[in-house]
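These are the structures, in C-alpha cells.
One chain, subunit A, appears in both complexes that follow, with subunit B as partner in the first and subunit C in the second.
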Partner chain A sequence: MLSKKLTLFQAALLAAALAVVLFPVFWILMTAIKPPTDWNASPAIWMPSQPTLVNFKTLFDPDALKEYGVGGVSQSATKAVFGSLLASITSTALSVLIGLFAAIGISRYGAENKSTPLVILSGRMFPPAAIAVPFVIIFSNIGLTDSYVGLIAIYVAATLPFSTWMLKSFVDDLPREIEEAAMIDGTSRMKAHLTVTIPLIRGGLFATTMFIFILNWSEFMFALVLSYSNVSTIPVQLAKYVTATAGTLYGVQAALAVLAMVPLVIVGYLIQGHLARGMTFGAIKQ
Partner chain B sequence: MNPPVATSSDAPDLSPAAPHGGGKPARAKGGNIGLALTLPGQIVSVLVLVIPLLVALYMSFTDWSPTRGSLFDAEFVGFENYSELLIWDTRFLYAVLRTLCISAVCLALEFTFGLSLAVLFMRSFRGKSLLFSAFLTPMMILPVVVGYIFWMLFQSSGPVNQILEFVLGPDVALEWFRSAPLAVTAVIITEVWHWTPLFFLILLSGLNSVPENPVRAAVILGANPRQVFWRVIMPTLKPVIIVAFVIRAMEIIKLFDEVFMLTRGGPGSATETISLYIYKLAFNDFQLAYGAAAAFLVLLGALGLIHLLLMPVRNQLLEVKR
Partner chain C sequence: MSIPKLELVSLAKEYNDGAVVAVDGIDLSVAPGETIALLGPSGCGKSTTLNMVVGLEEPTSGDIHIDGLSIVNIPPGKRNVGLVFQDYAVFPSMTVRQNLAFGLVVRKAAKDDIDRAVDEVAELLGMGGRLHVRARDLGGSEMQRVAIGRTLVTKPAVLLLDEPLSNLEAAARLTMRRELRRLQSEIGLTIIYVTHDQIEALSLADRIAVMHAGKILQVEKTSVICERPDHVYVAGFLGSPPMNLLAGEIAPGASGAAGPAFTHGPLTLALPADCPLGKGSYTLGLRPESLRLVPESEAPLAGTVSLVEFRGGDVVVTVDVASVKLDVILPATERPAMGQSVGVDFDPDSLVFFGGDSSRRLDVRPMGRPL
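== the complex of A and B ==
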C-alpha cells in the first residue's frame, strides 16, 4: 500500500480536487486586482484584462472610498489593519507566555486541575454569541467596552487552551532526564526550565505562537459585538463593507480579504507540520 | 492527556525524585512550583471564562434586558426561559435541527473527501509535498474571508453559475441565496471546502503512523487490499477518526462566521444556525436573558453528544498519543 504509484484515474481525481481547492483562492486574488469597471461585470470576468493595484490604494484612502458611498461606514481600512495587528500580536504573546508556564507546570509537575478539561470543553463549545453577552454587561460596568484591553483579554482566554496543550505536547516530547542533569549540577528548577527546557522546545514555541496568531487574527464574533467606534479589526471591517454596500465594492473588499489572508497562509505553510497538533490540542503529533 | 478526553487515568508522575531519598519534600516543592506555573492561566480562565459563564447562567434565570437597568434588579423567573425555549420556541427547535443536519452532512462529506485524499497521498508521486501544502490552503484562510469568497462565487452572475451553464447548457442560472435548499447547499459547500483539509491532515498523519507489521502479516496471510484497508488499517485508525470528528463537531456546532457573510441566515431563516439565532436574539432583539438560556441548553446538548462520541474509544485514545 505504501509505495504504489498513482494510477491515471487517481491522478485525474487528484487534479480535479486540486482545481476545486485552488479555484476560490484564484478568484479572490483575481478580484482584488480587477479595475472598477470589471468588478460587477455580468457574466463575471475571470481574469482582469488590465490588472491593477488601485483597489489596495483605495482601501487606505478615505476620499477615494467615499466615491463608492462608504464614507459613512467606517472609512478606510487603516484602523482595522492597525487594530488587527495590535489585538492579535498582543494577545498571542500573552497567550503563549501564560500557556508556556502552564505547559511546564502540567507536564513536569502534574499541576493539573481535574476539572480543567471540562472547563475548556465548555468554553470551546459555548456559542460565542452567548458568552459575548455577559462580556458586554461586565465590560460596560468596568469601562472596557469598545476597548482593545477587553478584546485582548478575551482573545487570551479563548486561545489559552490551545497554547497550553500544544506547548505541553512539545514539553512532553522532551525527555525529563535533560532537565534533571542540569538540576544535579546544582541549577534550580526554575533556572533549569529557563535555560534547558525552553530553548530546547523553541521550534515548538515558534509553531505554537504562529498557530495562536492564526486563531486570533481570524476571530470575528467577539470583535463584531464588542467593537463600536474605537475598536476595529479586519474581519469586522470586511463585514461592514459588505453590509454597507450590499457587497458591490467587490474589488476593494477583495483587496482587504487578500491582505487578511496572505499573512495567514504564509504562516500556515511555515508550520504546516504542526497544524494537526494545534487543532487537536496536542492529541495528534506528526 | 488532552481536553477532549475528560479522564485523568494517565496521571503524570510528579516531580523528578530528589537525588537523595527525601521524596516527600521534593514532591511538595514540585507541587508548589507546578501550582505557581499554572496559576496565571487559572486566573485568566476564571476571570474571562468562568465568571462570564456564571453571569450568563444567572442571567438565564431572569427576564433581564438592557432597557431594564442593572442585571441585579432583574426579576428572577426560574426556568421560564428554558421551558419557553423547549416547549414553544419552534424557531429555536428548527435552528437546532438545522445545525445538526448541516453538521452531519458536512462532517460526513469532509470525512469522505478527507479520507479519500489521504489514501491517495499514501501512494508515491512527484511534487507530493507541494501538493500537500496546496491541499491544506483552505483551512488557513479566515472564516470571514472564506464566507466572502463563496458569497462572490455564488452570485447569480458569478463563476459557479457560469460553470453550471457551461456544463448543463444556458438558462440554468440559479439564485443561490433566494431559495432555501440552494442556500443551505451553498453553506454546506463552503463549510466542506473550508474544513476538509483538517480531516485530510489528521487522517493522513494517522495513516502514516499505522504500524507496518500487521499490514504485512495480513498481506502474507492472503488478504486482498480491500480487506487490509477495512479490517487492519481502519480499526487502528479509529481513535484518530474520532478525534477528528470531535474536534470538528465542537467547531461546527458554533457555525457562525461563514453563514453570517454568506446569507445572514436567509432567505427567511432557512440557514439560521444556533449561533446565528442566539446572536440575533441578543444583539438584534436584545433578549439577552433568553439568549443565554438557549446557549446553556446548547452547551448541555453538545457536552452530551461529545461524551457519547468519545465513549467507545476512551481507552484507545489514551494509548494513541503516546
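== the complex of A and C ==
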C-alpha cells in the first residue's frame, strides 16, 4: 500500500496516464450500451443518447436487433462463451500444473546451462502465424481440428514455456535451504515441495495463472484456423459480428468484449494482493 | 573416552569426477556434550562437511558414525541430526508456533506432546510471547532463534550450526553468542559449530578444528590452540593480528658467531650453538603478544614504527625491521609514536619454528637466548 502522499505533479501525471490507459475501456463500455444509430455516428457520440441493453440481448438472441432494423445476425454467442471458458480454464490449469513441476525440477534438480532459456523459450520465438499452417495440416491428419481437445493441446503447448519460465524464477528466488530444512525435519523430497515450496511461491503461482489465463482467453489465431462449427471462442465470435446489410456491429462486439473482460476484472481484483506480492516475493534474508 | 557421539572417518567429497575436492578425507571425533568449532575461510569445505553429516550431500568416500553406528545410508530426516542454516530457513508464511512444531508434525507426534515441546523450547529461547507472530514479520535474530528452536524441538543427537550468526548485525551477534553459550550449558547438546569467525569459535567451542582446502589441519583445545598452532596455516589464521611468520633459512653462522643463524631476507637472527635445528628452510613464528618494544641498544632486532592501530585496551604496532613488518601488541599506555626508532625483543621460549617443507610445527626449543 502507498504510505506517502503524492505531490500534485505526480498525481497529475498518474491521472494523465490513467486517462490514456482507461479510455478504450470507457469507449467499449459506452459503445456496448449505445443503440445502433449511435455506434459510428459522426461526430462521435460520447454518451449514448438512449442507453440500451439490446447489444447484450443480441449476444444470446440474434433477432433482438430487429427492432432497430438490423437483421442478419446469424448465431448466438452462448457457445463461444462456454467454449472460451472450457478451453481457457482447462489449458491454463494443465499449463500451470505441468509448468510448476517442470519449474521445481529445473530449478532444484536440473543441470541448467546457458542454453536452457533458449531450449525452453524458443518455441515462442516463431510468430504463431508461421506454425499455424503446419498445425492445421497435422491436426487434420490426426483428426484434432475443430475439437476442444486439439485447441486445449495447442494452448498448453504454446503457454507451457511461459508458465515454466515464470514459475522457475519464483522457485529460484526461494532459498533451497528452506526445503532442506523441511527434509532434515523429516519430510520426503516430494512432501517438502508440497508443504514448503508451493505454499511459499503461492503469489507467483497466482500471478502466473492469471497471465496464462489471459493469454489463452484472448487467443485468436489458432482458434480461428482450427475451428469450424464444433468449436468456438469469444475472440473468434467477435470477428463474426459483421453483416452484409449493416456492416460491422460495433455495439454487439463491444457488448461481447465487456462480457469477456468481466472474469479477468473479477479474478484480478480478488488476487491483486498476490499479484503485487508475486513480483516482490522471495526475500528471506534480512 | 567412551564411544564418540559423532565420528567422521576419512570423509571425502569430490565434485565433477574428482576435478574438485571439497573435503579431502577428514577424520574427526566429537565426544558427547562437546562443542567443536570447524573454523576456516570460505570455501574450505566446512559447509560441505556439515551437509554430509546431515545427509543433504552424499560422501564420495569415508563414513559417518553416530553413537558408533554408520548413518550414511539413512535419509536426512531420520538421522536425528539438526542443522541450523546461515540464512535462518524459517518458513515465512507460518507462525512461530507452526515453525517450531513443524518437525514434530511431520513425525506425526501427538498434539499434546507437540504443544508441550513447543512451549518448552519457546520458553528456552525467550520467544514465549511471540508464538502467534508470522515468521516473515520477525527480526533477524528472532528468526535465527526460531530456526534454532525448530531444530531443538526434535531433540537431535547432534546439532550442527552453519555460520548461524553471520547474517546478524554486530550487537545482535554478541547477544546471540551469549545466548548460544547459555543454551549449550543448559541442554548439554553435542554441537558442531561452523564459522569463519575465530572470536565465535574461541568463545563457544571446547575444541577448534581448523580447516583449509578440504583438510583439517589441527584439532586442539580452544584454550591452547592460539599458543600452540601445529601448522603454519593455523598460525597465520588464528589471532588478531595473527602470528608473524617469516619464511627463511638456517645456515651456519658467520665466522666468530657462536652458532647458526636464521635469515629472512635482510633480517638475520643468531641462534645459540646448541640449536638442534639443522641447515635448511624453516618458517619462524613470533606471536604479537610475546613481542615487546625496548630501547634500540638492548634489542636483538631494531626498526621503525610504521603503523599504530588503537583498539581500546591495547594497540597493534607495526614495526618495519629491515623491510620486514612485525606486528606487536602492546598495552594502550605504551603506545609509541609513528616513525619512532625502536628495538624489538621477545621471550626466546615463545619462538616457534615450522618445517619449511611440512609446514608443521617442530617440537624443539631452539633457543637459549639469541645473540
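Here is the rule we use: the second predicted complex is superposed on the first by the 210 of 286 C-alpha atoms of A that agree within 3 Å, B and C clash if a C-alpha of one lies under 4 Å from a C-alpha of the other, contacts with A are read in each partner's own complex, and residues count from 1 in each chain.
Basically, a residue touches a chain if its C-beta (ideal position, glycine included) is under 8 Å from a C-beta of that chain, and two chains touch if they have at least 3 such contacts.
Since the model is a prediction, treat every value here as computed from it, not as a measurement.
Of the two partners subunit B and subunit C, more subunit A residues are in touch with B. In the superposition on chain A, A:186 makes contact with subunit C only, while subunit B stays out of contact range. Once the two complexes are overlaid on the shared chain, A:198 sits clear of subunit B and of subunit C alike. In the superposition on chain A, contact of A:129 is made with subunit B only, not with subunit C. Look at A:29: by the touch rule set out above, it reaches neither subunit B nor subunit C.
Of the two partner chains placed by superposition, A:144 touches none, neither subunit B nor subunit C. In the superposed pair of complexes, A:178 makes contact with subunit C only, with no contact to subunit B.
In the superposition on chain A, contact of A:86 is made with neither subunit B nor subunit C. By the touch criterion stated above, A:157 is placed in contact with subunit B alone, subunit C being left untouched. Within subunit A, the residues touched by subunit B in the first complex and by subunit C in the second are 180, 183-184, 284-286.
Every residue of subunit B that touches subunit A in the complex is listed here, in rising order: 1-6, 8, 11-16, 19, 29-31, 33-38, 40-42, 44-45, 47-53, 55-56, 59, 71, 113, 116-117, 120, 122-125, 131-146, 148-153, 155, 157-159, 162, 193, 197-198, 201-202, 205-206, 208, 212, 215, 225, 228-229, 233, 240, 243-244, 247, 250, 253-254, 256-257, 260-261, 274-276, 278-279, 282-283, 288, 291-292, 294-296, 298-299, 302-303, 306, 317, 320-321. Across the complex, subunit A meets subunit C through its residues 175, 177-178, 180-188, 191, 196, 199-200, 202, 284-286. Subunit C contributes residues 54-56, 75-78, 81-83, 85, 87-93, 102-103, 106-107, 139-140, 143, 147, 150-151, 154, 167 to its touches with subunit A in the complex.
Listing the residues of subunit A that touch subunit B in their complex gives 1-6, 10-11, 13-14, 17-18, 20-25, 27-28, 31, 41-44, 46, 98-99, 101-102, 104-114, 116-138, 153-154, 156-157, 160-161, 164-165, 169, 176, 179-180, 183-184, 189-190, 214, 217-218, 220-221, 225, 234-235, 238-239, 242, 247, 250, 253-254, 257, 260-261, 264-265, 267-269, 272, 275-276, 279-286.
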